[in-house]
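Below, each structure is written out as structure tokens.
What follows is chain A paired twice: with chain B in the first complex and chain C in the second.
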Partner chain A sequence: MDKLLKKGLRVFNIVLPVLAALLLGAIAIRADGADPIRVYRSILQSAFFNLKGLSSTLVYATPLIMTGLCLVIAFRGGVFNMGGEGQLYMGAFFATVLGFSVTGLPPWLHTTLCLLCGAVCGALWALIPALLKAYLHINELVTTIMLNYVAITICNFLTNGPFCYSYQYTSTQPVAPSAELPLLFPGYTLTAGIFIALAVGVFVWILMNRTTFGYKVDTIGYRQEFAEAVGMNVRKRTMQIFLLSGAIAGLAGATVILSVYHRFTPSFSANPGLGWDGMTAVMLGGSSPVGTVVAAVMLGAFKFGSVSLQVKFGIPTEVIQIVQSSLMLFLSIRFIRENSETVQRLLAKASTRTGKKKKEGA
Partner chain B sequence: MAFVLELMNLTITMATPFLLCVIGGVFSDRCGVVNFTYEGIMTFGAFSAILFARLTGNVLFGCAMAIVVCLAVKMVFASFVLDFHGNAVFVGLAINLIASSVVPFLLQALFGKSGSLIATDLIDPAKMIIHVPLLEKIPIIGAILNDHTPLTYLSFVLVALMTVVLYKTRFGMYVRVCGENEEAAEALGIRVKAIRYKALAISAVFCALAGINLAVENLGMYTDSMVAGRGFICLSAIMCGRGKPVRSTMFGLLFGFAKALQIRITSFVSATTASLIGILPYVAMLVTLVITEYPKVMKNPERIERV
Partner chain C sequence: MGSKIEAVGLTKYFGDFTAVDHIDLAVREGEIRALIGENGAGKTTLMNMLYGLFRPDEGEIRIDGAPVKLSSPLDAIAHGIGMVHQHFKLVPSLTVYENLMLGTEIERELKLGGRTVRLPIIDTRRERQAVQQIVDRFDFMLDIDRPVRDLSVGERQRLEILKMLYRNVDVLILDEPTAVLTPQEVDMLIENLHALKREGKTVLLITHKLAEVKSCADTISVIRAGKHVVTVTNDDDATTEMLAEKMVGRKVADIDRTRRFANDRKVLYRVDSLCAKDRNGRQVLSDVSLHVRAGEIVGVAGVEGNGQSELIMVITGLMKHTKGSITVDGADVTGVWPHELKAHKFGIIPEDRYIRGLCPEMKVSQNLIAGFEGQERFSRHGFLKRKAMEENRKEKVEKYQVRLSSKDPYISELSGGNAQKIIIARELGQDPKVMLACQPTRGLDLGSTEFVQNELLRIRDEGKAVLLVSSDLSEVLALSDRIVVMYRGRITGHFEAGHVTAEELGLYMVGAKRMEGLAGEEGNDG
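Let's look at the complex of A and B:
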């Protein structure tokens, strides 16, 4: 009973923010002169209730799953890696470069190399804030956010400068066909990228739930002083957490390019950015790998479903971003706190009732 | 020489939003709230100043409304953090994301535009500049300090004023006590929450002023990504300056210099290289953080700091 109530509370604390955010979005839609219920229904219908929509939903969800998972490790280890965006850009850009500069490789090798390159570049970009945090104790929140700006500026420069391909459209050369991730079903947009995302999901789940590394990460995130006191090398672990998180973000960038865009354009991670979307996913998923994957798919559906809003209802697509950002705002608080008075009273009541039942049974 | 003087002059112009935001932010930093909202609040300030100027045709009213809007958003932040016990980092970042979604939405919904809102017909940035004849007669200093906007001059006054408020008034003392030791403050009978609300309100007003400086005084329009990380730069200025008003604003000036240098270098190189120079302020900030944090680490090498 105790456990059930607590679980119920957790669900409640996720459902309520979602409802609140949807309500806020509904107000914005209403204010713009459309019918919120029809808008939401259309989003759901286009995202889930047909095969084409479902495939596109998964395409949208693929990078979000990974940027979410990169934060699962980071947040649980007490590392606020807000640099997912920058690491994603670095991974995406250099995977593309490898994708078009090398030719003649068998497809499986070429894609693997590109993906690896993306992961390595993401990790390298995360190395800067990791070193700054581990050795100079500089708050990683600020450094990672600043490095996002730096990464985006550098990628912009490289795309416009040394790697400029076409002057009408800011982009690099398209990657060689051997580097593209294959489509799973002809006629649908879904690519093998979803398997990469799910594989990362399984990897993170095993890492966090079945290895001592995951246990150490949780300990450091829960109470660093304790971790230090029992002799954990917090500095080394912090570096590992950072690099792993960066690598997953870089991999996410590489996957998006190799499966959707096939060339690097600086705007591929549209406002507010795939890295930030990942943060909504991880908050919605309550920092658990499975929850994050589910939340990322939900967000992907929402994103895909909202693409046609402008055409269908004449409302700006930014509505969806309002829903998403307010969702984050509402998720950052607990609507019902476990140790609040009402909950304690409920718990007490529940335990006396079960106690009575037990007595009656005896 | 003329180049250097011009660069110094531009530094003052570029540093104004930093100075304003930093001196306000010092209060929220010292009262013990992790405040990540500068970026978003500044965006709201810049946008609503232009929006209300556009809607009513009155620039001063627009500026007043910018302050009101910023205060309102900041109060949402404050209540989420102080009353509902949300994690300040996440609430702050959510506020930033809300700014970057609500503003484009309103632009699209109200004006059918995306990217920018122009009000140059109402505001002439050239007319905002005050030329002080008296300053002209002083060499060097005159060239650096002359021809700035009202808020730039005001920002220096405000820095001095707020430093006095923080160190010499009862309210300032309460703010510092709340940040340093919450329990002690409560034991003394200080209403911590109320003090924090007030400190955050101060920071909101100053962020609004910074936004007004960017949008109204310098450009006469709002464009998306006009704030461009300035809020985070201010945050790191406060971190480098350890929340001390004068030191933090000095770092604000330093970042203003980096920004000015970036703009000046841009005119000498090709457009693509110029875009790369854009990383200069951010890199300057990272290097400064390393330099200022290094001595602290040497004193206490083993601890990793938490947020």
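Let's look at the complex of A and C:
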């Protein structure tokens, strides 16, 4: 009973911020002169209740699923990798480079190589804060955030300089067709990228719930001193967590390029950035792989919905960004502390009831 | 009537588990009441209800005959009930008086004409005065200007008690206050309790040590499995045997201490001239040498804070040494990480249960494999064998008689004694060659203490080497074949068991006596 109630609370702690964010968004929509209920309904309808929309929703969700999962591993291991954005950029950029500089490979091999390249580059970029944390005890929160700007600037420079392709439009050369991720159904934008994202989801779930690695990650995340004392190599594990997390972010970047843009433009990650959206997904999903995937799909729907809003209602996408960023804000405030007075009281009541029931049964 | 504090039919459920089962208890004003019972009997839960930490599911609490509802510790303190838990809640960097005043700071006042204005500035002079006054009043020896991080455990505890007294509580609840104290500190605490009694305060004391109960309690209540068994006055009829029997529900046998080791067995563990400095460059270990033979228990005695913790940290690979070497069965393990130590079959029962010994946020089954998750028994190709973990849990819980409130609870839901059993089950289950046991029975009840001590003796008789570090002198005397005394980071005495009395050891422990020529190779038979 206690457990059920606690679980309920956890759900409540996620639902309440969502409602609060939607309410704030509603005020903005109202101010813009539209009917919030109609707007929200239309988002849902366009995002889920027709095939084209569903396909677009999943396209938007694909990178978010991965940037979310990259944080699941990191957060559960107590590693605050805020560098998803930078790792994503590195992965995206170098996957693109491999995509256009090599030609003549069979498509399956070329795409696989590009995806791998993205993962490796994301991991390599994560190696910097990983080494700094593991060997010099430098706080990863600071280094990863700073390195995001470095990564974005490097990619910007390379796109404008050595890899400059067109002068009207900052972008690299498009990747060879053999590197593109194939469309799943003709006429729909959905690509095989969604399978990659889901495969990563399954991988992370198994890793976290069924392997000794996941067990160690959780232990380190809960109590580092304990983990050390019972003989877990915390330094090695921290490095692995970082690299894995970076690889998933890099893979996310490569997947977006190969399935949507087909060329690298520094603005591909859009405001507030796919890496940061991953953070919202993790917080909504409560650090569980399944929850994060579901949350990422919801966010994807919202992102797609906001684009269609502009077309349909003439509502600026900024309105939806208000909802998104306030969601992030509300999520980071835990509304009801699980061990607060009120909760204790609720728990006490609940257990009295079960206790009484037990007695009556006896 | 005339009861100061009363529990009437007090009951607490945790899910389907009844932790406290309709307990009636009445304590008179100015009485010292001891509460005894096995681990997991429900003593802490009962007291937590009196202190407003848990809400009772049934029953009520009466103070001076009037029913009260306590919704928080603050509420309880307002009703004159204070409690000191086993884990202290002090700020290490603040001084004694600052800690004591935390939350009730005296503000500086400014006289302007006829009016006084309060300034948001702390009046340190008046604070120090007030604190000194209360320290003197209860005759608690404490330097009020020392930062808490420099205090011994006993001093910290006195501070916690003073914190309650300053808030004017009439009823003081102490949960296992003596578990962490040295014998001298225990005597001092008992004296302090008598002083409180003279002031008319009521004291509720949880402890597992019957000798202490006999020496300070007026009345004794026995709790077993959530129920109140009996309350007796502390007179000659209340013998420790009788109390023990009431507590456990059966007769408690004395442990069999027959030594079966021969002196020519090989040395399994050797520490040679170990030196270490702490973060501030202070020498905390100087030339510590000792060895443990197969089939032998070597006890390290000493007043807490004389380098034992540092010794443990260095030999378990958690702190750097500056000189010296350590070997397990001939293999050099100086400065190796804990995971390598495990490979050398070195078992560790750490002294801080909830920091290095267990992960409270994880389940019993998960804690039971910590550090051994890579073994073939529990995993294959990196995948956990969940069935094996379950079986392991069942087996260990049964073998070590761990009392759980559900099948596989989180460690945070276990009583202190049962939590310790999980550590012991995990470490002994690995069949170590050398066992480092630090405060292995701290907070354990009679039955469990007996069990753990017997386990240590059993593995000794199987030919393992046991290094026992304990501030409980009677435990060191009871179990060890040889005893070394640590004082200020040095080994100052070395004795064969049976050739030394507790009083003699005490003199070495406080530095009044020391043996010469102990540096380098240790003792007579090294």
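Couple of notes before you dig in:
As a convention for this text, the second predicted complex is superposed on the first by the 362 of 362 C-alpha atoms of A that agree within 3 Å, B and C clash if a C-alpha of one lies under 4 Å from a C-alpha of the other, contacts with A are read in each partner's own complex, and residues count from 1 in each chain.
Throughout what follows, contacts are C-beta pairs under 8 Å (C-beta built on N, C-alpha and C of every residue); 3 or more make two chains touch, one makes a residue touch a chain.
These numbers were taken from a predicted model, which means no experiment stands behind them.
Which of chain B and chain C touches more residues of chain A is settled by the count: it is B. When both complexes are overlaid on chain A, the residue A:S166 reaches neither chain B nor chain C. With both structures placed on the common chain, the touch criterion links A:N233 to chain C but leaves chain B unconnected. Within the superposed three-chain model, A:W276 lies in touch with chain B and out of touch with chain C [touch as defined at top]. In the superposition on chain A, A:S101 makes contact with neither chain B nor chain C. Looking at the shared chain after the overlay, A:S308 reaches neither chain B nor chain C. Judged by the touch definition given at the top, the superposed model places A:F213 against chain C, while chain B stays out of reach.
Put simply, chain A uses residues 228 to touch chain B in one complex and chain C in the other. Against chain C, the residues of chain A that register as touching in their complex are 1-3, 210-213, 215-216, 218-219, 222-223, 225-233, 341, 344-345, 348, 351-352, 354-355, 358. Residues of chain B touching chain A in their complex: 36, 76, 80, 84-87, 89-91, 93-95, 97-98, 100-102, 104-105, 108-109, 228-229, 232-233, 235-236, 239, 272-273, 275-276, 278-279, 282-283, 285-286, 289-290, 293-294, 296-297, 302-307.
Against chain A, in their complex, chain C makes its touches with residues 11, 13-16, 18, 54-55, 57-58, 71-72, 316, 318, 337-342, 348, 350, 355-362, 366, 369-371, 373-374, 378-379, 382-384, 386. Across the complex, chain A meets chain B through its residues 28, 31-32, 78, 80, 82, 128, 132-139, 141-143, 145-147, 149-150, 153-154, 156-157, 160-161, 164, 224, 228, 234-235, 238, 271-272, 276, 279, 283, 315-316, 318-319, 321-322, 324-326, 328-329, 331-334, 337.
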